[in-house]
Each structure stands twice: as structure tokens, then as C-alpha cells.
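Pasting a structure below so you can have a look.
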Amino acid sequence: MTDRRLPPAHPFDDDKLHEECGVFGAIGVSNAANFVALGLHALQHRGQEAGGIVTYCPDLGFQSDRRMGYVRDNFTSREVMEKLPGTIGIGHVRYSTAGAKGQTAIRDVQPFFGEFSLGGAAIAHNGNLTNAAALRRELVERGSIFQSSSDSECIIHLMARSMGRTIPDRMEDALRKCEGAFSVVAMTRTKLLGCRDPLGMRPLVLGKVGDGWALASETCALDIIGADFVREIEPGEMVVISAEKGVESFFPFRARASRFCIFEHVYFSRPDSIIGGRSVYETREAIGRELAKEAPVDADIVCPVPDSGTPAAIGYSLQSGIPYAMGIIRNQYMGRTFIEPSEQIRNMGVRLKLNVNRALVRGKRVILVDDSVVRGTTSRKIKEMILEAGAKEVHFRIASPPTAWPCFYGVDTPERGKLLAATMNEEEMREWIGVDSLKFISLDGLYRAVGELNGRDPMRPRYCDACFSGDYPVAPADMLEQGFKMKSEAA
Amino acid sequence: MTDRRLPPAHPFDDDKLHEECGVFGAIGVSNAANFVALGLHALQHRGQEAGGIVTYCPDLGFQSDRRMGYVRDNFTSREVMEKLPGTIGIGHVRYSTAGAKGQTAIRDVQPFFGEFSLGGAAIAHNGNLTNAAALRRELVERGSIFQSSSDSECIIHLMARSMGRTIPDRMEDALRKCEGAFSVVAMTRTKLLGCRDPLGMRPLVLGKVGDGWALASETCALDIIGADFVREIEPGEMVVISAEKGVESFFPFRARASRFCIFEHVYFSRPDSIIGGRSVYETREAIGRELAKEAPVDADIVCPVPDSGTPAAIGYSLQSGIPYAMGIIRNQYMGRTFIEPSEQIRNMGVRLKLNVNRALVRGKRVILVDDSVVRGTTSRKIKEMILEAGAKEVHFRIASPPTAWPCFYGVDTPERGKLLAATMNEEEMREWIGVDSLKFISLDGLYRAVGELNGRDPMRPRYCDACFSGDYPVAPADMLEQGFKMKSEAA
Amino acid sequence: MTDRRLPPAHPFDDDKLHEECGVFGAIGVSNAANFVALGLHALQHRGQEAGGIVTYCPDLGFQSDRRMGYVRDNFTSREVMEKLPGTIGIGHVRYSTAGAKGQTAIRDVQPFFGEFSLGGAAIAHNGNLTNAAALRRELVERGSIFQSSSDSECIIHLMARSMGRTIPDRMEDALRKCEGAFSVVAMTRTKLLGCRDPLGMRPLVLGKVGDGWALASETCALDIIGADFVREIEPGEMVVISAEKGVESFFPFRARASRFCIFEHVYFSRPDSIIGGRSVYETREAIGRELAKEAPVDADIVCPVPDSGTPAAIGYSLQSGIPYAMGIIRNQYMGRTFIEPSEQIRNMGVRLKLNVNRALVRGKRVILVDDSVVRGTTSRKIKEMILEAGAKEVHFRIASPPTAWPCFYGVDTPERGKLLAATMNEEEMREWIGVDSLKFISLDGLYRAVGELNGRDPMRPRYCDACFSGDYPVAPADMLEQGFKMKSEAA
Amino acid sequence: MTDRRLPPAHPFDDDKLHEECGVFGAIGVSNAANFVALGLHALQHRGQEAGGIVTYCPDLGFQSDRRMGYVRDNFTSREVMEKLPGTIGIGHVRYSTAGAKGQTAIRDVQPFFGEFSLGGAAIAHNGNLTNAAALRRELVERGSIFQSSSDSECIIHLMARSMGRTIPDRMEDALRKCEGAFSVVAMTRTKLLGCRDPLGMRPLVLGKVGDGWALASETCALDIIGADFVREIEPGEMVVISAEKGVESFFPFRARASRFCIFEHVYFSRPDSIIGGRSVYETREAIGRELAKEAPVDADIVCPVPDSGTPAAIGYSLQSGIPYAMGIIRNQYMGRTFIEPSEQIRNMGVRLKLNVNRALVRGKRVILVDDSVVRGTTSRKIKEMILEAGAKEVHFRIASPPTAWPCFYGVDTPERGKLLAATMNEEEMREWIGVDSLKFISLDGLYRAVGELNGRDPMRPRYCDACFSGDYPVAPADMLEQGFKMKSEAA
């Protein structure tokens, strides 16, 4: 059942993996909603389709506003923000696939809210519950009515049914029943809550702003509000933040070795965010250097595929000594989608977004650095544009290993059959894309670049790298039920 | 918690009682949504604030669209209607008070939908549950999460938790726990359901259209789709309509003497609808005749307060022989509300809607016939306008007894203290309004006009006339808990 | 050239003639825009498609807002009205045919504004210039650039090119070049201007409000703002109203016998407006009485086709003694058009707007009184609905003579071939509509009802009745050029 | 007079100069509007506030659509584009200052259209007429009615009044009366016209696409539609392009030495556009190299102020050997303005758009390269952010000389008093911004970088550099009349 659906949109970024969410929360600040809006604006790269904010103030109770589109277009006007008063608030930005059944309905936009007998609570979830279908089936069986098609709604229904005496107790209760990846930010009338799954697959950080506190998916969202970055929330940690007691920390789950998503380093996180004490930009530059060592080639210029390939291209240039240049220019006024474009416009595809710097690349041997290859369709079109412009040679260098497996932990991936690397080896891909050479960084090289000097320990890998390795740290229960074959079976 | 609230609106009809809903359902017709839209358009007088339609078709499942505003503006375009395919559908139009907490949010607009373990169901409810607060409290206690502030949502949660093996069974189960007034239309993937409360307080009729069936609040909604009026659903009856079995009838409640709302005759129902074999227009004309017998007066013309006073004015003229004339003209382009009008415009009040036919009334003795007096503010302004225009005398005749008690069965009434008749007797009211004479039809006279030749039997009244008599056929449990005083106590 | 066109709309009133405009102006009042908005609201029946307001205040200069849709939806909110400050303003409501070339663009919506070397002026025009095409051709030849497709824009260009030393001089200059029908309201920074064509075909009245003044198409627009009706602007008169000099009167045109539009009495004007000292309602009632004398018939009830047939039906009933009853009920929530309705909904046609009071008409002999017959399509459908409902006989009585000729003076009429009376005599029309009898009032009868005791003087008719008689008081120059045949030629 | 004004917007780029327009035209292609839309999308950096397209097809005549906002949001949907049929079309994107009198009204959005006695024409203008006020005054005096406040509208009125026998003749006539900067694209029913002012101050290029032709402000707009870049339109050249005769070239003006805007190289043009056979990117890189030679400094990293400083920063890094790094990250989801932001959000200023890569710059000596300094406010805030993040030293290097004079040739510049360089010398600016060093490229250095090996010839400069030098190649007549003081006078 859907309310107010938009006409079909035509996405132009379907050759990228997409993070499905960003979360943010603030407590102890005046006009919390403004902080939440700013934080979400800084996290917009994690989800562009929709966003929502919930606040609480004693006079009006809980207030919520959820909208399709960018934060900057929805949550900046005085009119909207005045209706979200209070010193505590949480928010969420969301990306979602435009599948066969149409687009996100407003009812799927988070935060979700529930009124319990002991008071209301709102939650915002980044990640994906791998047992959501089973949980939902069970909840419906017992009379819960779901309002959305989102896996995240299970959490609030589990909380509603919990016998816990406080909302934090109920959240603990609920999350213990959940499998998969979750970084959750939640709020009651007086408390801000945060929790990461035991493997810590998705990020969540804590900041201090004046006398108040903030929780965010990435540190760049702390910077924008002028908050100091305190620390990352630990894998398996739950924090309860209140005016009286400050930050209280709990570890409600059984301890496990952590497995942070390595793709956050490669592509998802913003380059100015800090993970593990180093900026994501520096890590990507290091990936580029590593790639230059692993896969050198003689050429005239190193060009990024903008904007995600930029830091790695700079690294490649610094390591190889080949000059860095912007051979491809990105149109800054390109949106993510067009609503029902005319045939002629749809056919322009990548040209609407990228243009080759013709005068620059003419007659040159060009190294193109991109962050990843998903379907390969964009890579192929870029190659055509570069050759059309008169480049002499084109060498693709990819800042991640071949993406051969879908993600079930909160990233939107095409089904396995549509991943180029699931059906071709490197040489086949090179031929299909049609370039003079194509090289991916090795998985060990990637681990070295993110700081594991000895590369990946296959017995005890430090990261979740399932999209490259097919090694899933949490069994994707719902997908297995639907017939997905794991690596051992697939082979 | 509210989503996307509109700015405050300024209602211009706040001196009328308002029916809170109209319901419609169709099964066994191609493009059921078009029939539902037409039916709701014919029922628009029962609720102008918002409307919604749910349909089901095997390909797309349940589809829903709920919107603020008129049916004709929302549910007529090809674009909208194409997204509501299927041969079964239900709909709802809604009126709601603009109270202190602001306006209806879209989440309060019906039909409500729930996905149960045995399949989905949608319901649309006309009436008001007098024990809704208690039911809600209990459901929340057990973990149900409410999405709206509507009493009607209780029904769908009670159904979700029922152990019934079929959806009709679950609806029976749920409605047996409900007290008060309800005419419900509901649907599953294959069945259209209808049910009236044991007292039959709100109307519901059955029609036949081709091979299909329709349920509607009034017969005028059958006329618009070309359906034949089959019969009224009986008080306490539940019908289950399907392609295979046609109309099945059940009586799930303990039998009681019926108490249909007498105000439906006076004002709510459309004049071309048929109740008890006679058009509502004819009943109102009869009320006017009765009023002329009870309260004659010597005058030059009989004028209705348009449009609701028209049939009674015609009756008064026919009985008295005094010529009927349109002394007050209604602006046909007046909407129900203005969004944040400027001060100057708000102050125009009733002038925006009504104008006196100055040349006609000048120097005349005028009888004004209106359907009812609620707060009395409009009557007072009309009197001023008529006198300003030069009328010699003004005699008010009211086609209902003094409205002295609030309704708790699905009609929007001001709190008791704001009802003119709750604090003044007839002479005081005459003086306050400032007219030469003011007469209300007697309760017995009204009963005679609707066909009870001996007037009202105080031991066993045939109608619910609580708004006039204070005799509430169902104890208003929630209101009593909030401190409302019944007649015996109030006295 | 069009800007931002809407999708095709489906009109449901295409079997009526339509007045093409209403005009209003105010000076010497605080917040003139509010007065203009209220006046236009009262004149909405003269044009529902679009409206506009221009005001002037020393700080901001001329401000204008022009919008598609009803006045009440566009010009009531504080946000809009605050942007139209000043003590002087004019406005316009507009009806326009939805022809082959699509709908009104916003650029066709009046008032039109021009900045001249001696200051700015805005004008609003009701009527139609019969030599507009020739004027436009000449203006374009000399370098004027038209922004709209409206004949009225000629006036402002003629003013721009005039050598007159004041704007009133220039308006005089411009209007002397115009042929046809015009009631113009205009404004400069300090003056409100009004002018009627020499025949006075379209109405224009003067009112006094506090220390200020108002000009309006009809007196009902004076009533709504609480203004006193002073007098009608004379045919051929031009008034210049300013704070210093009050109302100055000029007669710039050669004197001619006046020819007011008789159809204003029959249908266009609002029943509560006063023309010639009598309310339009009373005139229409008199038409009904006259019709009862000319065309009596034995029957059970007299029913109006709502709402325009109502006063004549009351007159017919009073004269004949046959009881008046509302056999047809109009849906009050019907708009003028639907945007791209689905096939099924479009086919409902008149049913969306009217419903027969089935219980009332069953078995009865019914006299239906309508104001006019244009194409006859609606009459035919109403007859079907009445018979379907079980009426025994149907007698149509029409409160105007057969409409056999198009109007070129500001009323939207179908081309001659589509007028039922242009191709059929009364008996053929009766048969085509399919009723037991059909009678139109005679042209003499109509003149008697509007106060000409001896009927129409064919040598010197007091009214423009071209739509009935084919006697055009001003030769329609543009139309003749396009091949239109006048009566003598057509015969 | 304004129509439908938006609420005040808060611009976040007010510390940049802004090109005021981009123009595009196509002929001889199917669905010309799609080409125009794509071309305008590629030129969006030249004007983001509004855009418009006019097309012509024999069936529907001229069609126009003009809208506020981005091309991608307005001119991509099937619904809109289907209403702009034809094989010939022109378009315009527009930037405009948000001045005291509010925002651009839709009536100021180009192309402008005029219907002349010999047929219609539409024009789109990039540049600014320095004698527009005088022209307008004269045209109004003679009876022309202006619809916009735009200087460009003079051209169409001059054309309307010309005695020329063809539209190209009339355009020639009109433009000969115009002074200042103009690159005009225009169309008739069968011809596409292009013209550059005698000095060639603004760019205009010619492309070939299939059998058709295109005119565009920059070559990047040819690339997006797959057109081949043929040549630049010459200063003072007028081209008339038709199906029968192809491209005809005329030189209607007195010959003069050309003075192309040097700021197009520095900032306005897109880096992938080609001017003078070299990409703008390469020119900017050369500026960076030149700057490194002129103003070297010892440091750890060279960082661009994104995105406009990027190519010069790369050049600086290549010349100096100091590593290039992205020390400042730009939020890609930042729009140009916010509508009425809350106080708190407005105060964030540049933080909404830029964030410092804290982990990267901490403890480093940073060279920041920006394209220009206008008011200096942004430079100051960036410095603060960089220092807050822990940088050891900050050295600003600016890729243009101090901007000390306003532009009157189609670029939005603050009034002279608000230009930092108009009131301070380099050292004062350094101190005010608060950095360790601040250096601008010299005017000679800039000339060298754009290819003049001997720098600027003060007797005969090749470029218009008035914003740096105060040497205005065309006297700004309107501004002088308003009291602007030229260099000699100002001194």
C-alpha cells in the first residue's frame, strides 16, 4: 500500500553502490532541530532521497517532519524549523532503490515513532537487519500493524511489545533480537540513545557541543555544528545520554571481534571524516599510492573519475610522479535523478554529468582512477568519451578489488548477476570495457592502505569485505530463505 | 506527532453542526476507484476536509491514496485514478474540528489499512466510538503502535489482535468491543464488508450496480453511479459481499431497539437522499409545514437561510400561504475555510458567504427559516444584515428544537457551554439575537414531521435526539471519565 | 506563445453562455487590495478562470498579482495580500473558453499594466472590442509588442502612444478608437478611472465607502464591502476619482441611445444585484410570472433547473398556483472543471452536478424552468434523468427567447451552428430534447418583464438583444472580416 | 510591478563575481528544445536563478516556457518538453542579484519574444547594455510598453520599431543603437541568429550537429549535445543560419580592436571549455604556475579553495613541487540559496558549503589557492576554519589581480565600496584576512598565463580587464549619469 507516489524517476548513478542511510541526534542544545538539520546536510552523501527530523518539547510533545528530497530544500526554512522546537532531536537521511514496485513512500521515511504505555520514542536506523522478514512475520502474527515496508520498523514494534520498564531497557531488548548491521540513534522525552551492532559494521560517533551532546554517522557532521569529536561508539556499545547523568555506556550484547565495513573507507564516507584517527581522504590517497605500486603504467597524465576517484588519483600521481590533471569535468548542477525525462535526454546518460576536457586529453596517454566498478556501464561510456576526445591510450585503475558479491548490511547493491566482477575475470572486464589496461587494487593492498601492514588475515579479517570476498560475517538469514547462495554453495 | 501540518485555517461554518464522515464501497465493478470517487463526491457534504480511497488488484496488491481537500480536486485526474486499479474499493470523506492542537494530519485520514497474518484489510468508519480512549489505552499497553489520533484506528488494531480465522470474523470480534455509533465499510482482497452499530445511529445503504454491489452512507451516492437502491443495512447487521456468494447477512450483536439520528433528517443528509421511503427534502418540507402550524405569524415573505433552510421555508410558505422568496443570496464560490486570512477579510465573516437581496426585503415583514441554531452568532449577523437592508420585521423560525446538548456519536458539536440553548430559554435567545419573534419546532412536532403521528414516545423514543433532549442512548464512557455531566447530574 | 500551460481541462458548464469578466476598483481606503479581493469574490460568477489585482503605494510603486483560479483561493491569505499594499487598487476576474489552442495563459490575465513616460497605469476591461483585430494589426505595424492574446491589451497600447498630457486624457483618446462593448476600470498612482461605452452595454456602478469610493460591475460587490450604492455610471460616461477632487464626470463620446445587455437580467447578473432600481431576482421572478401567463400548463409541481432557473420558477409557481418544489438537487461541491478526468468520470457529465430528487418526482407531472437553452445538451440529459426517476410528464419552460445568434460584446457563445435555436424551430427543439412541451418566453414578454410595458419597440429597442434577435447595435467589424454573416445576409 | 514574488532568499555565494547569463540556440535538428535544454544544462554555471526556452513549429507557432530554478529540474520532463516542439529553438539561463527590491520576477526571464508585423522573433542576451536606461526612456516616450526590468528588452522593442524589411535587418538596426557588451542568440520562424558586440566582450561559439547548427556561450555546451566545435563567432560578427543558406556572416558594426573579458579565463567559463584553442583548465593551471613563480613560499601542502581554485592550485603544485592535497572539502549537496533560513542556520555561513579536512591540515603549513577575492569575507572565514583545525601557517595565493572596480558588461559585482581591493592595499588585505601571507598574481602575469608573452600592453590591451585596472573599454553611460566616477575622476 502506498500513499502519494511520484512518477518514475530515472537515476543516473545506478553504477555506484549506495550507502542507505545517515543518522544524527542532539541533546542539551537550544533548537536541536537546527543542529539535526545541519548534521543531516553534512551526511547527505549517505542518502539523498528523503529525510526526517523528530524533536520533543514539553509544550507540544513530539513533533515530526519527514519529506522527500534534500535536507537543504526541506529543513532550512524558518516556517518548517519553527514547528520542530525542543532541546532534543534526531534525524535520518535515506537512499533507496527505485525498484520495479516504484519509489519510496513518505511512510518509509525515518525516524519512526511509537507511543508506548510508558511514553513515546523515535528511532533512526542505519544498516540492515538480516532477519527482518522473520521478525516482521512474527510481529504481524501477534497483531502488530506495520506502517512501512522498512526493516527498521521491526525495532519500534519490538520495543512496543517489550516488558522493559524503561525505554532504554526496551531498546536493548529489541536490538538483542535483531541480526545484521545497525547503528541506531533514538530518543525519548529526556534521553538520546545510540547503539552499534556487535560487529560495528556501520559507523557511529560521539561529539560534544557546548553543554550538549551529539551522535552522528560521521565526524563531518560534528564539524558542521562546531562540535568536538569525542570518540567512536564502540561495536556492541549502547550509550544513554541525559542532562542529569551525561553519557552512560552499556554493552548489552555478547562480545565479538569487530568487522567495520571496509567500503566506508573506499567510497561511502566523506573524505573529511575521520576514521581510526586518519582522514578518509588520507586513506584514499594511500589506496592510490598502493595502487601505483601494484599496477604501474607509463602515461602522460593521471585523471580521476570525479569526484569519488579524486583522492586515489592524487595518491597515484604522487607515488608515480605522473602529473595529476582533471581530464574529466563534472557538471555541478546535475541532480541524482530526472523525473520522466524525454527519450532523447535519457539517452545522454553519463554525458549529462561528465564531460571530457577535450583540449587537455587530446593525444595523451591517460590513466583514469575510479573508486570501484559495479556494473561497468559508466566505465565503458567514460572510455568512449575519452577516446572520442582523442586520447592515445586509456588505462583504468580501480581503488578497490572487484565487487563480486552483494551487500546485505545496509548498502544498495545490484543482484549478483548484474555485478560485472561476478561473471568476468579482470581480462574479460578489460576487454568488455575496452581499455588498454585495467587493474584493481588487491584485497591485501587495500588492507595495507587502511593500515593493516600485513594485509588481510584470512582467519580473522579486521573488516567486513563481503562485497569483495563473499565472506559474510553474519549469515543473511532472510536472503538465504529466499534462495541466495553463499560462496561455498555457489562455487 | 504530526507530519506536514498546514497553517491555521479560518472556518466560516462554525455555527453549524457537522457530520464527521461519509463512507462508500464498491465490489464487482471495473475500475472500482472511479465509482468510489463518484460516491464520495456525492457524499462530500458529510465531510469536506479530506478523503481517501483504497483499492485492491491482484497485480499491485492494496493501493491507497489519501489527501486533504475535496474529492473533485483530488480523485478525478487520470494520473491519480490509474494508480488505484481493481474491481473492489472503499473510500471515506472526513470533516474534523480545527482544535487547539491544529488540523488534521494526513495520517488521520481514512481508510485505515492493516496487514494481518492472514492478509490485508482496510476500513472506513462513520460515527464515533464512545469507549475509544479506554480501548486505545489497553491496546497501547499491549504493544500496539497507533499511527493516528483517530478513534477509528482502534478497530483495525482490535482486528489485528483478534484470533478470528477470517477477516469478517475478526471484524465481528473487534466491533463487539466497540461502543457508540458506527457505520463501517471495509474490504479484504476479495470481500466488501458493511456493518451498522446495534442502534443504527448512523445511516448505511446497499445498492446494486450491474453485477456488482455498493455500500454508501446515503442513497444520493447510489444515484450518481447509476446504482439501484436495494435496502438500508439494518441496525446491528453485518453484510459480507463477495463475487461468489453475493450478499451474506449476519447479526453479530445483541438485539436492541433502533435509535437513528434524527438530525440526519433535519440537516446532515442530502435532500435528494431517501430515508424510510421518503426523500429527505419531503421530510424537511413537512417540518416547515408543521412549524407553520405550531408557530404562525403575519408577514409579507418567507425566506430561507440558504441553503439548508430552503425546504422547510418552502413548506412553511405552502402551509401558511405567505409567498416564498429568496431574500438572502449565497455566494456559490465560497469555500469552507480560508488559510490565514488577513484581519480585514476575517472580519467580514458571514458577509463573504451571504448577501441580502436588499431591493426585495426593503420595507417588508420577513420570516426567516433556518434549520437550527447552534451558537447563534450567524443568526445574529443575518438579522443585522436584514435590518440594515430595510426590513420592517424579522421573524426567525427554526426547523429543529433548541440544540442544548453535545453529540458524542460522530457529529462535531461545540462544548455544551457554547450552545446557545444550553444557557438561554427561547425568550432570552430571541432577545439576544434581536428579532421580533423566534420559534423552534417542538420535539413532538419534529417527530410528527418525520412520520411519528403521535410525536415522541418518551418511554421508547424511535430516534436518537440527544442533542435536543439530553437523553443519550449509549453512555459516553470516555466523556464521563473526562467529567462530562449527564442530564440528571447536570440538573 | 504561451507560458506554463495547464493540462486540458474538461468543462461541465459548456451549455451556458458565460459572462467574460467582472471588474472592481477602490480608492481612498486603507488596504485597498482587501476591498478589491472582496469585490472580486462577489463578482466571481462573472469569471471563474483567473483573477488579478494591482495596487499602488508610494513606497513600493505598482504591485501586481495575477493567478489562475478562484479569488477565495488566491487573494485571501495574509502572505499574498501583504504584498499588495496601498490605498488604491483595481482588479479583474476572467472567464475564458477552453478552445483548440489550449487554456488561458497567465499573461492573458488582467489587469494589464503599462509604464508610460508620464507614469504607470493599470486597466481592467469587461466587454469586447469589435475592432480589436484591426487595432492590434495597426499597433504592431508601428512597433508595439503585445504580451497577451487579449483584445483588451489594445487599450493600454493606445494609451502608451497617445499624445495626451494626462493619463485620463490618454484613456479618453484610446477609448475613442475602440468599438464595441467596454466597461473599464483603471488606475494611476493617484486616480481611479471608470468608463462605459456609449451604448452602455456592460454594467458599471459607483459606490461610496467611508471617505473612499468604489467602482464595480454589480451592486452585490458594493454590498460585500459595506459600500453604499450611489448610482450607475452612465452609458458613455467617464469618471475620474481622486482624493482632492472626488468624482469628476466626463462624456467623451458622441451621444447615442443606450442598449444595455438584456441577458444581464436573464442570467449574468447576481440575483441580489440592483439594476434600474429593482433587484435582478425580482425581474427574474417577473419573467417567470410572464412565462406562466404566456405558456401555462397543467401540472403537479414547478421545479427549477438549479440554480439559475430558481427565481423564474418561483415566479411561475406564484402566477400559476402550482406548488414550487426542488425536484433537482445541485451538488454544492462541484467545481467548474476537472483536469484530465478519466473516461468513466467524464461520461458522468451532468450527473456529477445534478441529481433528481427521485422520491419527489415519481409519478408527477413536472414543469421544469430553466433560464435559457444554448446547445440543448444539458436539457436533454436532465429530461432523461427526470423520466428515469419516474416523472409522468415533463414540460420545459424557458425564461428567455431562443438563443439564435452569437454575442460579440463580451459574452462567450458557441459559434452560430452550435446554437440549437439557430437550426431548429420550437417544435423541432421540443422533439429533439424529447419533452411533452417546450415553451420560450417571447421577446416582447421578456421586455415586459424587465419593465417595458409595451414590449420591444423594433424601431428603437431599449436593450441589446442581439443573441435573440440578430439585431447587432454595433457592427462586429473583426467578425465580418472573418466572414460572419449578419441577419439580412444570412437569411 | 512584480508578479508572484518569492520570499527573500539568502545567497551563500555573495563573495564571488557572477556571470549573468548563458545563451544557446539550435536549428535543423529534430526536437530542438531537447538540445537547447542540454546546452543550457551545460551552461548552468553562467546563471542558476532561472531559465527559458522558445521554439517554433509550423503547427503551434512559437512556444515558450520560462521558469525559476535549474534547467535539470524544469526542462527535462516529457510533459514540459512535449509542449516545446520544433526544429529550431533558443534558450537562456540567468543569474541575478537579490537586491533591495526583491528577486527576479518570471517576467524578467529570457528569451524575450515579440510579434512584429512581419512575424515573430525571440532573443536571448548575454552581456549588459551600458546605454539601456537612455534607450528605455526614449522607447517609453514613444509608446513602447516594457514588460520587464531587463536591459535586454530594449533590443526587442528597437527591433519592433525598426523599418527593416527582414528580422535580421531589424536586429542589425537595433544592435547598432546598443552600447556595451552583448552576445545575442535570436530566432525567427526559419532562422537562427547570433551576434557579438564589436569588442567581443562576451563569448559565443558555433557548432555543427548532424545537418543542423548550434550557437552557444561556451564549447562545453556543444560537447554535451555531441556537436563539433566549428569556430568562435568573431567580435562584431552577425551570423544568420537557415536551412537553405547555411551560415551567412555579416559585420554590421564599425571595426574595433577586440577586448574579450579576461575573467572568463579566470573564473566564469567552465574548465573544459575551449577558448583560443586551449582549454580553460590549462589556462588556469598556467595561471597557477605563473603564480608559483611570482609568489613562491615554503609550505607542506597546496590546497585549492574548491572548486574554482582547483586548476590553479594544481598548477601551483606542479611548478613548486609542493604536494597538492584537498584540505577543504565542498558539500556537494549545497544549493545556491536558502529560502528564509532560521537565524542559526544563516549564521553557519560558509560552513554549510565547506569543511576543513582536519586530520590532514593539522600541524601543516598550508598554501590556499583561490581564484579571486571580492569582498574577502569568505577568505576570512576559511582562514579561521583552517587555523581552528590546527594548521601551522596559512598562505593565500590568488589566481587574479585585486578586484578593485565593478563590471558594467554583464557581470554582477558589488558596488565599488564593497570590493576589498578598492579600499585596501595588499598588506592591509593580508592583515584584515589574517593570514601569514597573501599574494595576488600581477596583471602582467595573468596576461602571460593567457598567452600574451610580453604581458599587458597598456597602450593596446588585448582583453577587457576593467575589474582589475579600472580601464573601461566602453564608457558606462547609464552609470556615469548615476554618478559613477571613472578612474581618472576617482583618483
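Read from first to last, the chains carry the letters A, B, C and D; within each, the first residue is number 1.
Throughout what follows, a contact is a pair of C-beta atoms (placed from the backbone, for glycine too) under 8 Å apart; a residue touches a chain by one contact, two chains touch by 3 or more.
All values derive from a computational prediction rather than experimental measurement.
Asker: Tell me which chains count as touching both chain C and chain D.
Answerer: Chains in contact with chain C as well as chain D: not a single one.
Asker: Looking at where chain B touches chain C, is over half of the residue numbers used by both copies, so same, or under half, so different?
Answerer: Counting which numbers both chains contribute, over half are shared, so the two copies meet through the same residues.
Asker: Measure off the straight-line distance from the CA centroid of chain A to the CA centroid of chain B, and report it in whole Å.
Answerer: Chain A and chain B have C-alpha centres separated by 50 Å.
Asker: Can you check how far apart chain B and chain D are, centre to centre, with Cα atoms defining each centre and the answer in Å?
Answerer: Distance between chain centres, rounded to whole Å: 62 Å.
Asker: Suppose each chain is reduced to the average of its Cα coordinates; what separation in Å results between chain B and chain C?
Answerer: For chain B versus chain C, the centre distance works out to 36 Å.
Asker: Chain B: which residues touch two or more other chains?
Answerer: If we look for residues of chain B contacting two or more partner chains, we find none.
Asker: Would you mind writing out the residues of chain C in touch with chain B in their complex?
Answerer: My answer: residues 31, 34, 37-38, 41-42, 44-45, 48, 70-73, 76-79, 81-82, 220, 223-224, 226, 270-272, 274, 277-279, 281-282, 285, 307, 310-311, 314, 318, 323-326, 329, 331-335, 338-342, 344-345, 348, 351-352, 355-360.
Asker: Of all residues in chain D, which touch chain C in the complex?
Answerer: Within the complex, chain D touches chain C at residues 1-5, 54, 61-67, 83, 106, 113-117, 120, 137, 140-147, 156-157, 160-162.
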